[in-house]
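Below you will find the structure I want to go over with you.
Chain IDs A, B, C and D follow the sequence of writing; residue 1 opens each chain.
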Amino acid sequence: MTDILKSADEIAASIPDGILLALPPEYAPCAMEAVRALVRRNAKDLRLLGVPQFGFQADLLIGAGCVTEVETAAVTLGELGLAPRFTDAVKLQKIAMRDTTCPAIHAALQASEKGLPFMPLRGLIGSDIVARRDDWQIADNPFGDNDPIVYLPAIRPDATLFHAAKADIYGNIWIGVRRELMVMAHASAAAYVTVEEIVETDLLADPQTAPGTIPGLYITALAKARKGAWPLGVPDLYERDQEHLKHYAEKARSVEGFDAYIEQWVRHGSQHA
Amino acid sequence: MTDILKSADEIAASIPDGILLALPPEYAPCAMEAVRALVRRNAKDLRLLGVPQFGFQADLLIGAGCVTEVETAAVTLGELGLAPRFTDAVKLQKIAMRDTTCPAIHAALQASEKGLPFMPLRGLIGSDIVARRDDWQIADNPFGDNDPIVYLPAIRPDATLFHAAKADIYGNIWIGVRRELMVMAHASAAAYVTVEEIVETDLLADPQTAPGTIPGLYITALAKARKGAWPLGVPDLYERDQEHLKHYAEKARSVEGFDAYIEQWVRHGSQHA
Amino acid sequence: MSGVRTEEIMIAAIARMLSGLSHVAVGSASPIPGSAALLARKLSGGSLRVSLLGRISNPTFTDGARELFDCAAQGRIDAFFLGGAQIDGQANINLVSIGDPDRPKARFPGSFGSAYLYFLVPRVILFRQEHSPRSLVPKVDYISAPGVSEPNVYRPGGPYALVTGRCVFDFDKKNRRFALKSLHPDETLEDIERETGFEFDCPQGKATPGTEVPDTEWLELIRGPIGDEIREIYPDFAAKMFDAT
Amino acid sequence: MSGVRTEEIMIAAIARMLSGLSHVAVGSASPIPGSAALLARKLSGGSLRVSLLGRISNPTFTDGARELFDCAAQGRIDAFFLGGAQIDGQANINLVSIGDPDRPKARFPGSFGSAYLYFLVPRVILFRQEHSPRSLVPKVDYISAPGVSEPNVYRPGGPYALVTGRCVFDFDKKNRRFALKSLHPDETLEDIERETGFEFDCPQGKATPGTEVPDTEWLELIRGPIGDEIREIYPDFAAKMFDAT
């Protein structure tokens, strides 16, 4: 049964230190209020997995010292440029960085979704991504003739954390077309979700909503968090707060600026309301 | 661009003889009117793939002599018992039968969906299914220690054929939760679909319908066929015609009865309207 | 309350095996296990999640037909049910054919997902109402799914019990054999020995207890709300069971 | 109509390379290719399908973020676009870092899907507005995706052309080198030689033609409906390009 918690802070309190935490990209709703709550509770030693890449939320966690390791296809603030705390952390070797490529993340999570030890993947051969990953293998396609292919070990995150437009009281989560969130829930040992609203009607019982719904079976805990993705957006509900993100991108260029941002916008609760 | 054809018979005319044709199970809508049209046009040498199993539509095609080979996890009329023409054809060695198991079909189609030469799959080892498949391999998990796992070659159907509640004029098909139909469309070289209705609004543009929609990108041709799944059902539109299927199950016990059924219900067009 | 049917005894026996579990899935052609799972859910106060394949309303799964198999592989399904045209003493099941598979004397629908789920679901409950030397055989003609595997084969799941129209067997994983657990009403140890084609253990000998017969409360559930629910998938089963005079 | 911008010349040059194709996908951080693809769709009368990653309204894909990659592997995407902090003469691209990757002098976002799509999409068009010895280098510091592969490596796709702020190069698959195709306005062969860090062929020598500049009709499209569409994903790019006085 899915636990229905009271707040994003209770969600953050349920996510242990030291785990491998899978996070979505900025175009799927990010549980920003819960991410801020992780910073507030001084989460430690998180290993982040970008599915397949991420931006603001990773930069925030890295800058706040919550992260020891990152595996992702990219960290970027999009048009606002490089993610400054990530970039600094790599340059100063404050985090262990495992570069990968989007389909390799998707494939390794699908291996976990299918209970497989590995998945094969085309491409990649000859890149420094492969050359620098000693946990990957290149071996022959058993049905081919001198046909090398990459074998990726499954990635099973300890938990995933994301935001969604709505959930129902049974723990079902409506994600619409953002099905990477479904793979993340299937593939992870635990799934934590914040939502804009919790409805009384069963999302699985309605043939219109069921196709875009993750069954509660996969959801460990959820909590309501209005504007929980802010300053990122939720499709059809609210847009990215580009001005605020620009403000972040500027502040985060320096450690001092980042600390001031955290003090103002994270430590004392979100002030967007 | 998706071709919008005039009838199920035009769909059947577009499906060549001799191909590997993927068909859905009875709980996903089956394009029965198009299947009858295949019988009417005397389709030959079809190789059928049940995804992952099927019933009435396969029995009809097998009984009518359209089929040389079947790969499936099962052929059944459900509560109505064995599929009589299939059963007879296997006993009399009129078709080549390749027994498999549901997840092996799903995995082999997903390999094709991903452009992979193969997929690994757990289970199966020690079954006669594996023992009798010389196209499958058992080899060690490259990340394990003496850990055998089955390797399945990708299955890329030449075409798939199914029915759906609705399409739009852009070729997008609404399938709701029946996502095996999506994998079939992705994995097959061509996809033929009949639908109850064709709407003018873009199913992808509406966030409520997009999550249950196959983009027209994957659809070769579609045609409207009202009650096109009859005597099988379409979820939320009409139920299985269990009385008619009982009638079929009885008639099809003998070749003569089957031929009479075909003459009455298939050759002279569907008479359900 | 009219006389208790064999199917109802089987339903009750299976339901008891599901007590305390979190998630049970039921495959095709499984009206008795389906009813048992729904009964167990009722008795659990709703805490047991039941995924019925083939049900159109209220789907449990939203990722297509593969999700059942993925879900099992993730360790999220605690129990599943398999039948068999033949079942043998090593818990091998045959859903394919009798005789040479290339020239079969009888051909059945096929193996469905058995060859996979039997390996991955911890508690696989076998069921076969017909309990005779024809259905329970020394060695199946075709192994759709093997009952046991070599130690190096990845297999978190496997057989747990076999429920027939005459008795309940436990499966003893260590000895790789069935052990008689209980006898349905009017069955004797001698009946079971005569009607069973494979050898089995009988640890309790003459003291083997009777299978608990569902009481009035359970029967009312089975014949009432459970029957109504199972009718959506198995109209003929429901009609035969519950609509008879 | 105000003066033609370099970005607009690049958009037009890329759009021409998409003529006659069926399906073009555009990845992250690609406003110029995105505009080019939308222009090419307009010019095709709508027969070109364009999948823009990051667009929220009217999604092309409904199977999650993996669908772009699956779709490419199915051979259903004809062209894709890749940039690079560095691009070298063998068409290797670097999206990761400058210097030792473990102690980088500069760190960029990462490789995204380049290491996969570069192998699978038949016509990968490289783009980099900055055309200098810093961006076009003899050898990249980190290979996010290699330009060429050994003959036994499965690779239906690869580099097709490189469009910069100064010129257009074709990629010669046989010789595994770039060949200068056309010079943007005011650029000379000497400029290109001086500003390019890698060696390239120049088959037409002094007769290398100028890159065709978009005419008024195209510019009106780029600055009008295309600009409006690209703004949803790239508000800053659109503001810089189209809102300037």
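Methods note: a residue touches a chain if its C-beta (ideal position, glycine included) is under 8 Å from a C-beta of that chain, and two chains touch if they have at least 3 such contacts.
Everything numeric here is computed off the predicted structure, so don't read it as measured data.
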item: Comparison of A-C and B-C by number of C-beta pairs in contact, larger one; value: B-C
item: Chain at maximum distance from chain D, centres defined as averaged CA atoms; value: C
item: Interchain centroid distance [CA atoms averaged], chain A/chain C, Å; value: 41
item: Centre-of-Cα separation between chain B and chain A, whole angstrom; value: 37
item: Chain B and chain C: spacing of chain centres that average the CA atoms, whole Å; value: 28
item: Cα-centroid distance, chain C relative to chain D, in whole angstrom; value: 59
item: Shared interface positions of chain D, touching two or more other chains; value: 59, 61-63, 69, 73, 120
item: Per-residue multi-chain contacts in chain B, two or more chains; value: 114-116, 121-122, 147, 149, 177, 179, 182, 210-212, 235-236
item: Chain contact graph, described as a line, ring, star, complete graph or other shape; value: other
item: Interchain contacts, given as pairs of chains that touch; value: A-B, A-C, A-D, B-C, B-D
item: Chain A residues within the chain D interface of the complex; value: 25, 27-28, 51-53, 72-76, 78-80, 82-83, 86-87, 90-91, 93, 99-104, 106, 110, 121-132, 146-149, 177-183, 235-236, 242
item: Residue ranges of chain D touching chain B (in the complex, touch as defined); value: 23, 47, 49, 57-63, 69-76, 120
item: Chain B - residues contacting chain A, complex; value: 107, 114-122, 137, 139, 141-144, 147, 149, 151, 153, 175-177, 179, 207-212, 235-236
item: Chain D contact footprint on chain B (complex, rising order); value: 1, 112-116, 182, 186-187, 202, 204-205, 210-215, 217-218
item: Residues on chain D engaged by chain A in the complex (per definition of touch); value: 28-29, 54, 56, 59, 61-66, 69, 73, 95-97, 101-105, 107-120, 142-146, 149-150, 152-154, 234-237
